[in-house]
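Step one of this worksheet: look at the structure below.
By written order: A, B and C. Residues from 1 in each chain.
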Amino acid sequence: MSNIQGSLLDLGVMDQLARLDSPVHRLDPRAKIVAALALIVAAVSFERHQISALLPLLFFPVALGALGRIPAGVILRKLMLALPFVLFVGLFNPLFDRETMLRLGGIGISGGWLSFLSIMLRSALTLGTALVLLAVTGIPAIGAGLERLGAPRVFVVQLLFLYRYLFVLGEEALRMSRARAQRSFDGRGTGLKATASLLGNLMLRTLDRAERIYTAMKSRGFNGEVRLRRTLRFTATDLAFTAGWSGFFVAARLWNLPRLLGDIVAGVAR
Amino acid sequence: MSHHIVEVADLRYAYPDGTPALQGISFRITHGESVGIVGANGAGKSTLLLHLNGTIQPTGGTVRVGDYPITKATLNEVRRTVGMIFQNPDDQLFMPTAGDDVAFGPLNLGLPPEEVDVRVDAALAQVGALHLRDRPPYRLSGGEKRAVAIATVLAMHPSILVMDEPSSNLDPRARRMLINQLRSFQHTKIIATHDLDLVLDLCPRTIIVLQGKVAADGPTREVFSDLPLLERCNLEQPLSWSGRER
Amino acid sequence: MHMADALISPAVGGGMWAATGATLAYSARKVTQEIDDRKVPLMGVLGAFIFAAQMINFTIPGTGSSGHLGGGMILTVLLGPYSAFLVTASVLTVQALFFADGGLLALGCNIFNLGFFPAFIAYPFIFKPLLGDKPTAGRLSLASIVAAIVGLQLGAFGVVMETVFSGISELPFSTFVLMMQPIHLGIGIVEGLVTAAVLSFVWKARPEVMEMSAGHQPIGQVSMGKVLAGLGIAAVITGGMLSWFASTNPDGLEWSMFKVSGKEELGGSTGVHHTLGALQEKTAFLPDYGFKKSEHEGAAAEGAAKEGAAPAWPAPDAGTSVSGIVGGILTLLVAVAIGFLLKKRERSHGAGT
């Protein structure tokens, strides 16, 4: 129940962040989507044991988040919640790959630990980017962007409706859940049968609601196709944004930038 | 100006399972009239309303809107002329933002984007909700939702407004704003409601529906003064009349 | 379980997105062709329902732990395969964005794993035939449970294959499979029970809802024969993939093994590792697999040296790693600095607006 409320609050927070105003928010969603995907592809294309080479990619979510006025804590908190599964699978790497790959001082570090760290770093990069993308764009804009990028219209419309009614249904679920909690004791009443009837009721109400929405749509002339207002404009700024960042990701992939930096520093230090 | 007349003749409707809902309703509403439709729950008000824009087809009798009997061929024109506002705004605001919702109707009419934008702004301004244009519906208060729902219909430039319980779930201030707004509209208004005081304020004429039939059709003050009639129809006098000399 | 970006390779991610994208496009076309425009609001709202329903937990009988509805089967029963696939895709998209469930590249895998199998395999080949022409409560339960199990097993297997093919995780195929399939068997049973319970509730209250599924794209007369054929096809595909995996591309599997190889370690000196290694040998699906592996162990040393083996990715070199580490730390500091500076800038700019 606190689960539902927490999730709803969460959704609300992210939604609100998306409606702030900043240079990043004003970018065309297509530019942001493409750049984010470019980062993710770049990140996962690194060899399994690379760690420091991946680090420059962090600039993207950090810069985007900072310019977009997204509180770091929000992103980090969600990242924490998403890590457990990856952590679990990732931990098998040190288990199965024990050959020493790296010696620091007298300590040997196995390839498994390197790849484990790489996995965690990838996780932070890819998931962090997805979260920041959402936080500075928002589902409605992402939907519009996807449609212009070629996603099927039916899918996008459906996504937008889902998003619209998420909060409504979430609140209904919350109310029903609270009502259930009030009448269940010691965990009785939250079993399979009770939950099934709760879900069943919610579904029936959902079906009724769908019918009413349909009536309202028909009453305003709906004839099968939901037309969306076209308000996106791809500008030179958007192009520069996407091209610039993509170029950076390619460079980071081709050359190990931190190592170069380290070499320079080491060279200077000598 | 015949295209603003709503004419219902011996309207009959039975639910798919056979239960009769409307058992011969007839009335004629002319251009610019403001009519309240009252009755107890289950009397058939909502069902009646749904006939007025062709959402439900009668099992007997006819409905005419202006020059058109409501048939499959005339549905589009009817829905442009008759703007229906439903009880629950959440069912009518299904787009990502209020502006998108108001644009839905005009876009379906095939209007060009620039014209759509003009209509959206005009409709929202008319209900005092222009500042809500980019707001998602779930961030609107009850009164704001109600206003935007009305705007979604206004943007189609209807001649007739049909409303089902417009003042339900509104706080007193929102309700007052709604009444003032509706009063300023020139459209023909048909309002089904429990809110008898709203009817008093807005509708010179009242039709009482009882068990699928018309029990009364006349000037509002007269109808509301007929105590035996009201009692028969499971109604009471308007709240603002309590304590008044009978 | 969801596939994660952190464990995926571009090839697998891209490939699965291609498969998912094609299925999405095809499904969208099918849905648009369908005359019933009632579906438009229905799909969206049911998607929201599934999302909300997934937030409602229930206690699992006997275990005391809690679970929640997946919903793929319910969607397919109510909407038909094509619409259900679109709805599942949108639910997963929202989850990927809001809850960082898996990631955007792995989204292609997840939509396929969790959307394709229930809608296009479990529903037509298991659920419908088992439900039959004259559904009863018992048949509904049976159909739901078996269909849910099969759908989830296939989905879980998908995750395994995608992970192993990607080569980021060192988890060997058989160990992973041994973990995933039994867990998802349990999840499948629970999912099936909840699905059956909800569907029968709705069915009693509104029988016409179940007939909704009857009006879908006709899949033809489904019979037991078709069920068996479907299962047979699934088995052949799976078996084929496995044997291809093991025989035509031995490197694929052990590659993760000997690439940086615990080749010496694979014999296993420590307890856990030894047990796992032994377990792995014992559970090899195909008899050749274990054999090939040990073959490779011997040849590996020469193999790696001779072939300059397969991998296109440069192997990390310990010597240059010190620079890498120093540079890496500096990069991190730069990233943090960027964050602070930009935030300050935005705040002062924002104050002006």
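Rule of thumb we're sticking to: a contact is a pair of C-beta atoms (placed from the backbone, for glycine too) under 8 Å apart; a residue touches a chain by one contact, two chains touch by 3 or more.
Keep in mind that this is a model prediction, so the values were computed, not measured.
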Exercise. Looking only at which chains touch which, which shape fits best: line, ring, star, complete or other?
Worked result: line
Problem set entry | Greatest separation from chain C - chain, by CA centre | B
Seminar exercise, completed: Averaging each chain's Cα atoms, the one nearest the global Cα mean turns out to be A
Exercise. When the centre of a chain is set as the mean of its C-alpha atoms, what distance in Å lies between chain A and chain C?
Worked result: 18
Exercise. What whole-number Å value describes the gap between the mean CA coordinates of chain B and chain C?
Worked result: 50
Problem set entry | chain A and chain B, separation of their C-alpha mean positions in angstrom | 43
Problem set entry | Shared-contact residues (touching 2 or more other chains) in chain B | 94
Exercise. When you check chain C against every other chain, which residues touch at least two of them?
Worked result: 41, 44
For this session: Give me the residues of chain A that touch two or more other chains.
Result: 139, 160-161, 163-165, 168, 209, 213, 217, 222-223, 226
Problem set entry | chain B partner contacts - residues on chain A that touch it in the complex | 15, 19, 139-140, 143, 160-161, 163-165, 167-168, 209, 212-213, 215-223, 226-230
Exercise. Which residues of chain B touch chain A in their complex?
Worked result: 50, 53, 55, 76, 79-80, 83-84, 86, 88, 90-92, 94-97, 99-100, 103-105, 107-109, 113, 116, 134, 136-138, 152-153, 156
Problem set entry | Residues on chain C engaged by chain A in the complex (per definition of touch) | 1-2, 4-10, 13-14, 24-25, 28-29, 31-32, 37-38, 40-49, 51-53, 55-61, 69, 74, 86-87, 89-91, 93-94, 96-101, 103-105, 163, 167-172, 175, 193-194, 197-198, 201-202, 205-206, 209, 257, 259-265, 272-273, 276, 311, 313-316, 318, 320-328, 330-332, 334-336, 338-343, 345-347, 350, 353
